[in-house]
């Protein structure tokens, strides 16, 4: 997954504002799910919400305006009631500039209680863990 | 209404990113309505949405990080199916730095069709136009 | 130019927040300039800033999360001290959902005074107006 | 420090988008420094940058549009080459909804190398650690 840094995303240091990395992680997760045949939009329509429970970022080097960033994504275990995504962002020189870890929790869209991972989603994930 | 410029709102020119003025207008409208006894949140709960139909901004001077901006708001006529807010933003030197005009349309939260201004809202507005 | 709507860009109406269209226009301009062989980043390095002078948006239909939007860009005359870009945004059904007009002014990065369009930039633009 | 949730900060779940908490932490730090007589803007002008090195957030409950959030800030040790701020966010019911930990590093604005905390800043901090 690649993302081009927008002007709006920089701050007056000339760096990408640290809060904006959450969006880079988000769009990477969404595209990774899409490549597995899962549309996050459809999950929500099926009554499953995936709010973020925990976010961790390490900022190793800055990202600059117009940089083309490459974002690698890894999931270490099958989703249960939650799922953790590991993101690693590289700049055009191949330097790792950022590490991000995002834990999402499956929430029932009606009761707003935590729930187990959607079977529709698990089916798509399972081949990668066998 | 006063707003302090956030670091996140600046861009690498050191200016407030032009797209962020829409948020300054928004929070000014919301506080103005609150001072009339109207909570925008309650309007939505009553089934009235107020999406933006048109936005115009003139950028006269830049705003900088940590500036304390003063935003003046004016409504020229009673809301009907739409309402236009005129915003004028001043910096700490009293310079007018930005003019913004935002037209919102009343939309029924169920049918998503344009509708007349909520009577609850009109009652609060009317004293200012007599 | 195509852009995929991010979750972060939606608001609680489920629509793309109106202030975020400014970013869609921005990335379209930047890619259009890139296709002419101009990197906006290089313009800044050559001492030319292009702050926004005026922004106008008409919101015709909402855009939703995960929509793939197509953005058309038009420039009607050769840049002089300013340049106006006309943007038209279409959704996947081919509906025009938004019209945006953005006027940028050429500013000298040292004196911060308005200046004439950079000759480097004009050379790239000229073939389209003859 | 109190902050009112903006419409722009919500997402289509109706929650504050998780990436926006970084801004709440930021404005709390800036106001805390201001109350110690330190303007972050002046630090930058004195040639000290404070980019973020690490960010951790726990999302305990959602925040909603128009909520008035109270943010508590704690620093556990004197700044050296870095400083860690602990943020706790409460909603109007007094529920803790979010915990955030942000580590900033002192960087020389000329060499862009890590440096020791500015003495001007340390002087203001010291009384709290004796």
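Order of writing sets the chain letters: A, B, C and D. Residues in each chain are counted from 1.
By definition in this document, contacts are C-beta pairs under 8 Å (C-beta built on N, C-alpha and C of every residue); 3 or more make two chains touch, one makes a residue touch a chain.
Only a predicted model underlies this, so the values are computations on that prediction, with no experimental measurement involved.
Student: From the centre of chain A, which chain's CA centre is farthest?
Tutor: Here the answer is chain B, farthest from chain A.
Student: Hey, which pair has more contacts between C-betas, B-C or B-D?
Tutor: By number of C-beta pairs in contact, B-C is the larger.
Student: Using the average of all C-alpha atoms in each chain as its centre, how far is it in Å between chain B and chain D?
Tutor: Those two chain centres are 27 Å apart.
Student: Go ahead and note the Å separation of the Cα centroids belonging to chain B and chain C.
Tutor: 23
Student: Which positions in chain B are in touch with at least two other chains?
Tutor: If we look for residues of chain B contacting two or more partner chains, we find 7-8, 12-13, 17, 19, 22-23, 26, 65.
Student: Can you name the residues of chain D that touch chain A in the complex?
Tutor: Against chain A, chain D makes touches at 12-13, 15, 17-23, 26, 44, 49, 51-59, 62.
Student: Of all residues in chain B, which touch chain A in the complex?
Tutor: Checking each residue of chain B against chain A gives 7-8, 10-14, 17, 19, 65.
Student: Considering the complex alone, what residue numbers of chain D touch chain B?
Tutor: Chain D residues touching chain B: 4, 6-8, 22-23, 26-27, 30, 39-41, 65-66.
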